[in-house]
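Each of the two complexes below includes subunit A, the first together with subunit B, the second together with subunit C.
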Partner chain A sequence: MIIKVALIGNPNVGKTAIFNALTGSRQHVGNWPGVTVEKKEGRCTHRGAEMEVVDLPGIYSLTASSIDERIARNYIIKERPDVVVDIVDASNIERNLYLTLLLLELEANLIVALNMMDIAASKGYEFDTEKLSLLLGVPVIPTVATTHFGIRELKDAIIEAASGKNKRRKVTIGYGEDLETEIRRIEEMIMEDPHLSGTYPPRWLAIKILERDEEVIGILERYQKKDVLEVVGWEK
Partner chain B sequence: MGEIDADTFADRRYRTIEEILKASLRVRGRGELTISDMLDRVFLNRVLGIPIFLILMWATFQFAFAVSEPFMVMLERAFGWLGGLFGEAETPLVSFWSDGICGGLGFVMVFIFPIMFLFLALAILEDSGYLPRAAFVMDRLMYRCGLHGRSFIPLLMGFGCNLPAIMATRTIGDERDRLITILVNPLISCSARLPVYVLIAGAFFGAHAGTAIFLMYVLGIVLAIMMALLFRRVIPGLKGRPSPFLMELPPYRRPTGRSILLHMWSRAVVFLRKAGTILLGGAIILWFMSSFPWGADLGSSYAGMLGHLIEPIVRPLGFDWMGAVALFFGFLAKEIVVETFGILYGVGGEDEIMAAVAGHMTPVTGLAFMVFTLIYLPCLATLGTVRAETGSWKWTGFMVLYQLLLAYTVAGIVVITGNLVMGV
Partner chain C sequence: MPGRGGRIFGKRGINELGDESGDINEPVDGKSIKSAIPLGLLSEGEEGIIIAHRCGRGLRRRLLELGFTPSSRVRVVSSFPGLIVDIKGSRIALGRGVAMKIIVSLNSGGGKDDN
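So, the complex of A and B:
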């Protein structure tokens, strides 16, 4: 079985360096279907397991408003990669974790690669990675892509995550009671449609609707979920 | 339901991140601020950020105006001398040389200096890393006003020229955000409008000319933001929130002399190229129209006929037929407005033309004229770019229409309040 791995992260976090460290020379470049955004793919073998790694565009967020962000989130929803590796710039952790939270919401099988640990250390950052892993509910692997530090551990973690042996508690990012009430209300309406809730994570849909995400509103229009659209005051 | 939107969610997510990091990250030597942090605390301050931006911009215009003045006088004298080489303008050929080329094209050439020094100052602000901070500060304001944060870069580029600025809107992902940014971009004062301001402000506002020019730029920004807000609210196809925007701030750096001079020089080259083409063409047309039928006085020349024809439109604002002609040809390129004055007032020499301007306008109509020039129409080339980038004649036409209306309205307000204040 080939493990499908997607790499994702903000621009300038060393994503390409990780990609190169993972795949070495076994890579090729193509285009995402329909758009002229570059798509890089590569392969590697680790402990007898074959992995196919896709490099997703560098993005800050997962909204519907830019092509890059749409490519990334549609890939995760539609292609359902076995593992998504979120590469995080440890020296800019606050901004980078934003994308991480969005990926948790998408219910991706996530691993966080805490990259640029050397730069973070020079800024005096000391991470409790075990604690961070606990709070996010996903494995956190410290790396320095430029020196290949942590790459072996990352590969191990990918194989472990793909095998479903990840025993970490699933973490839900709470938005506070006021928003949670709204989210739950919409989530319940979505759950009534088994096909819809089977295709997309219901909680993610609910949040995106409240965020007025155009693509998601389009999805609900296609599924004719008028009741949900009415809740957010969306009339056609 | 209440005001739940993407912002609310973004806010809560950052709050969660803060909590996660509080538990999992320890920063040694916290409290040690780098110089960059300290500068950011001041420049990005919620309260001080915008006033600091305004003060720096004001200083920029003061600088550009004050430093360029002696150079302008020198170049002007040179053109005055060149224009007088063949004596009085009694034959068409001599008149073409002295009134058309030296008096018209030469007169507008003088304004290369304020443009160069303005871009020298802007290059310093940009290379030092301040301008991206200004973008950050303005983003907060603009986001609330319905403009996308990424709009600020194209708006900033508009200070140079609206044409590349409109092409730069391609970086804005959302089509609505992009269209709004294109529609309001010509309200940002491009460098072609600077000569008009320098001439008129110099004629009326003396030591406060720099401030008056600065106010034109501020007015442009304010109008751009107001119109963006209005379009978002009113035009059905443009409703919705702008998408959130994250930007990375480059480190502060000491600007290098080489890169600053290069920046200034490239602006000068753009201007010289324009002078050799469209401004030369404008000078020839205007000289011809103002000198023929040969021997007729100015009022009955072709320019005079055209001017008298369109004068009624701008008469309520206090502009005379010469102003009308200047604005008419200013559609080709805004510098031609100044060129027209150079040729029509036909005196040569900035001081004399300033005196002539002061004779033809009052300070109030002068200010109204500056405002009108700022708003009334993008130049022909910009309009072509708008058509190409929006792919729509409808939006291009809409832009022309709203800008003409807005120019008339704002200039009208200036005239009315100005006259009230002056007690006329």
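So, the complex of A and C:
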């Protein structure tokens, strides 16, 4: 069995450096279908397990408002990688964790690689990675991609996450009472369609429909979930 | 956006979701604003604290995603030929029109800057 791994993160956080550290020379470069955005894929073997790693474009969010975001988001939603490694710039954590929260909402099988630890240290930042891991409900691995610090631990974490054995807390981001009532209501409507709710996380669909995310509206139209579309006043 | 963005979306009812009109946001924190000017009018090297987005919800959402959250400190790195600003440790290029819709306060201090 090959473990499918996707690397995702903000621009310039060291995704390609991590990709190179993970895959060494076993990589090839192509294009994403239909666009001229570069697609890097590579392989590595660790403790007898084979992984296929994809380096996704750098993005700040997961809406479909730019080609890079569309590529990254579609890859996570449609290709369903076994493990998603979110590369976080430890020297710029507030901005970076926004994408992390979006990935948690997407219910990806997530690992956080806290990269650029050397730069963070030179700024005097200290991290309680265990606490961060507890708060996010996912493994957090400190790395310095350029010196390969933490790469072995990252590979171990990937294998463990792929095995599905690691005990993680499911973290939900709350939006306050008013919105939660609506989210629950829409979630229930979505649950009535077992195929729909088996294909996409229902809470994620509910939140995105309230945001009037065009792709999610498209999904609900395909599934003919008129009741949900009516809730948000969506009519063709 | 969870967290600080909550102030913008928090109290809005579900009925308002369809509202695409370009409403002017209430200034955050109810502080009085001494010198509120569009980000697009700052010169190179100048800094401001974001107090409002003067645009519709589509653009506002995009700006929040890019880190232009209320109370954030923003600095103009270069203003010619295009505007480049530093916000939450990232450099972001902005169109002049968009920069005119971000209202900042020149009052120093009180801004929230992560690094």
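FYI, the second predicted complex is superposed on the first by the 236 of 236 C-alpha atoms of A that agree within 3 Å, B and C clash if a C-alpha of one lies under 4 Å from a C-alpha of the other, contacts with A are read in each partner's own complex, and residues count from 1 in each chain.
Here is the rule we use: a contact is a pair of C-beta atoms (placed from the backbone, for glycine too) under 8 Å apart; a residue touches a chain by one contact, two chains touch by 3 or more.
Computed from a predicted structure; not experimentally measured.
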Inset, instruction - Could you classify subunit B and subunit C on subunit A, in the superposed arrangement, as clash or fit? - result: clash
Inset, instruction - Please indicate which partner A:Phe127 is in contact with in the superposed arrangement: first for subunit B, second for subunit C, both, or neither. - result: first
Inset, instruction - Could you say whether A:Ile207 touches subunit B, subunit C, both of them, or neither, answering first, second, both or neither? - result: first
Inset, instruction - Check the contacts made with subunit A and report whether subunit B or subunit C touches more of its residues. - result: B
Inset, instruction - Based on the superposed arrangement, let me know which partner A:Arg95 touches: subunit B (first), subunit C (second), both, or neither? - result: both
Inset, instruction - Determine, under the contact definition given at the top, whether A:Glu79 touches first (subunit B), second (subunit C), both, or neither. - result: neither
Inset, instruction - Could you say whether A:Ser61 touches subunit B, subunit C, both of them, or neither, answering first, second, both or neither? - result: both
Inset, instruction - Look at A:Glu182 in the shared chain and tell me whether it touches subunit B only, subunit C only, both, or neither; answer first, second, both or neither. - result: both
Inset, instruction - Based on the superposed arrangement, let me know which partner A:Ile173 touches: subunit B (first), subunit C (second), both, or neither? - result: both
Inset, instruction - With subunit C in view, single out which of the stretches 20-28, 38-46, 110-118 or 164-172 of subunit B clashes with it after superposition. - result: 38-46
Legend entry - Common ground on subunit A, meaning residues reached by subunit C in one complex and by subunit B in the other: 12, 60-61, 63, 65, 93-95, 98, 101, 123, 173-176, 178-179, 182, 210-212, 231-233
Legend entry - For the subunit C and subunit A complex, residues of the former touching the latter: 1-2, 6, 9-11, 13-14, 17-18, 61-62, 65-67, 88-90, 114-115
Legend entry - Sites on subunit B touched by subunit A in the complex: 1-2, 4-6, 8-10, 12-14, 16-18, 20-21, 23-30, 173-174, 177, 240-241, 243-244, 246, 248
Inset, instruction - Give every residue of subunit A touching subunit C within the complex, in rising order. - result: 10-12, 60-61, 63, 65, 89, 91-95, 98, 101, 123, 173-176, 178-179, 182, 210-212, 231-233
Legend entry - Residue numbers on subunit A that touch subunit B, as the complex places them: 12, 60-61, 63, 65-67, 93-95, 97-98, 101-102, 123-129, 131-132, 135-136, 173-176, 178-179, 182, 207, 210-213, 231-233
